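Both of the next two complexes hold chain A, though its partner changes from chain B to chain C.
Let's look at the complex of A and B:
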């Protein structure tokens, strides 16, 4: 356990070095959020019919999305891709550590540091200047924190799975582009899931991706009644467990048939 | 001049052949690009399905904007890719080598790479544009088709100019500034919708400072036979795409100033 914690903390410290990059990225994300808010504003102005989400809720939703973009903004981890391509992944296999847990901890660190670095200032700026609102009550706030941690684990399980799939595809270039954008739309990052056509809802509710964005964000908004939250957190946890198991199984198979790209 | 073009096509030929060595990788990347950018349109469709219209604009009309912007951006991205990755040349001192050669730096950088995988976004934009063109109740005259074509060219030049300006900044900052992405990638996101839907300061920014309106909103007025809410005279709608070309020309002048200021990082 100590070894995995060392991996997490070393990577966290490395990422916290790049503060200027984070600042520039932050400015870009604020700008991006403004564009999206204006687009939703125009859509809401063009209808009088009641919608499944109010405009005020959508504004907060957009800013939450900017704050937690890291939850979905990912592809294959570039170091792992590099290792599989160059063959140095052989060293990884030699380490006296469980490889899955090792990669999982690494992706946990790469995700959580930028997440905190961006989320905190985004809450301050969007809350003060752009109409982002706090959760309706303490209960929702606490459940939201739990759901966000769950989303983080789900995101890491998915990334690790994608990295492991590189054992088969080597370059994974096409996959690395397609998967993130599919996740962006299916998780509700591009358009909140309640605004999707009704016929698509059942499928979207079943898939794991709503656990990344839709569930935590709508708990924050108080858009999901308290008594319905527990089954959703269960849904998120079950999917995470299933994806972890699948990843472990694939890694075991991939490592057995691995041909190291040497030279 | 003729020799410069010949050289440019030589460069491009080499770049294409080298990318074609990895055919499977090229196909995967292009397909990935196609899907990734197509999902944006899916998101747009979801919103229109829910809200029916965007002010006085329909999905077909917005699709016209979407198509033009994405085709223009794909061309710009593919052609001026060399400028997009320019900052590493400054950082590594590699730019010195370019300066030693008896040809212009613009030619050498532009010829560095023609990124073929951008065909993914291009095709996707072409599909959407064709759908919009056939679904719209517009009588397509030769003049209107020419205007659509001019808008794409104007847009590609404008985005190209922005990439050149971004590269020019690297002469002073060494590092590429992510903040410039707000007007390139952010510009694409913005210009996919009619500029009228945005707040005034934002609209002005993208009309006068970064003239996105010159190849989207303004020509679209003429194509869709609309009258402008801001009293723009008709000839402006027809002449607007030339602004993009002018923008590119000015960007190259700024680039030349940058080259004069260049100091090698040395290493």
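Let's look at the complex of A and C:
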């Protein structure tokens, strides 16, 4: 564990140095957040039919989305792409580490550093100025934290899988473009899943992506009854485990190809 | 028991072949042709603990393929290989935690981190006990004079500074075996001998076994007692540097500085290789004429300012060895 923790913490420290990037990212996200709030504002004004989420909930949901955008906004890990392209990925095997855990740790740091840097100021700014509300009770707040950590692990499992897929696609350009947009929709980042038509709900509820956004955000809003939360966290954990196993299996095959065919 | 035992190692790569032009590209989509390249064609050698071995050959000879197999990151097609009593690719993690690797062309340090943090991180990755780590680190910092570099991010280091840090990084976990790939690349004339001296001490005092691949023949001459020469996937020669010399050519060189700028030296037993102003380079076969006799004859006939006898440099020997094996 010590080895992998060291990888995470070194990378965290490195990423936390990039304050200018965080600040620019923060500015952009405030801007986009305002635009999204205006769109929902227009939508709620134009309808009289009762909606599955109140306008106030949607506003808070939007700002949560801006705070935790890194949970879905990912392409492939850029230094892994670099290594696979140049063939130097073989040298990763020189470390006395399990390669999957090594890459997963790296991804954990890459996700969590910007998440911390952006979420905290976003809560302050959106809470004070843009009508973002706190969770309805302490129980929801605690469960939300748990679900967010779960979402972080799920996001890391997915990004690690995406990085591993580079063994076959090499450039990763295509995937790096398609996957984030798909995940943004399927996770509920663009439009909250309760606002989707009923025919789409079954599929969306089954897919892993709701565990990234829909589950933690709606727990925060108190939109999910307490007794229904455990099965959702279980859904999130099971998908994470399944994707980790798939990633390990693919990496074993990819690394075999590499060590048999050469870097 | 040998530290490294390699027997009949064969490794082939499949390389996709593309016919040139548009037509070729289209045909390649339908049916891809592969050419098999034999990177290693039955290599056998063994290395005893404490040896300092030079492993040399031209680009594409199979040097780095061998090193990758020994480090467990490449699986051979056939043959046996044991490093530190283990089959490297079957027990990769156990094997790599006891070897150190330096690639002159690429760094193993973290580009954005200060050197000292890369060191700390490596100490954790190799699970070195804290006290041992601190001792090893302080010793290496002192020996390689790294103190002023420790707080500098790696990307700001010059090639020579980075190289020294990389060498230190490869030794933090006190490996018993060290692979060095072009370790003196980018070092200036002052640092090169210092690094060589360091490697020699490491080998003599701590008994670290070193395998060195390099294009710098001075490294070989200064460091290696044994040289393995590889070409086209086969071992062309394996033995002491002196034996290699003796096998390839007995020839010696006589360099003469004449008083007269355009003086000619014509001697039946010595051939002129080239001349640079006053300086004439001759080669002779010591079996036909002794150095003393040749010098006597030349000084008797010509006005000589200075002269000295020399062995052909190792580059020359290797070049001839390749020449021979390819004929």
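As a working rule, the second predicted complex is superposed on the first by the 258 of 263 C-alpha atoms of A that agree within 3 Å, B and C clash if a C-alpha of one lies under 4 Å from a C-alpha of the other, contacts with A are read in each partner's own complex, and residues count from 1 in each chain.
Here is the rule we go by: a contact is a pair of C-beta atoms (placed from the backbone, for glycine too) under 8 Å apart; a residue touches a chain by one contact, two chains touch by 3 or more.
The structure displayed is predicted, hence computed values, not measured ones.
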| item | value |
| --- | --- |
| Chain B versus chain C as contact partner of A:195, first or second or both or neither | first |
| Touched partner set for A:1, first chain B, second chain C, both or neither | neither |
| Which superposed partner A:47 touches (first chain B, second chain C, both, neither) | first |
| Chain B versus chain C as contact partner of A:138, first or second or both or neither | neither |
| Touching partner for A:176 - first (chain B), second (chain C), both, neither | first |
| A:185 touches, of chain B and chain C: first, second, both or neither? | first |
| Which of chain B and chain C A:128 touches, first, second, both or neither | neither |
| Greater chain A contact set [chain C / chain B] | B |
| Residues of chain A contacting chain B in one complex and chain C in the other | none |
| In the complex with chain B, residue positions of chain A that touch it | 21, 24-25, 27-28, 31-32, 34-35, 38-39, 41-47, 51, 171, 173-178, 180-182, 184-185, 190-191, 195-197 |
| Contact set on chain B toward chain A in their complex | 25, 27-29, 31-33, 35-36, 39-40, 42-43, 46-47, 49-55, 177-179, 181-182, 186, 189-190, 193, 197-199, 202 |
| Contact footprint of chain A on chain C as seen in their complex | 11, 13-14, 39, 65, 68, 71-75, 89, 92-94, 96-97, 101, 103, 106, 108, 110, 112-113, 117, 120-121, 124-127 |
| List of chain A residues in touch with chain C within their complex | 2-3, 5-7, 10, 13-14, 17, 88, 90-91, 93-98, 259-263 |
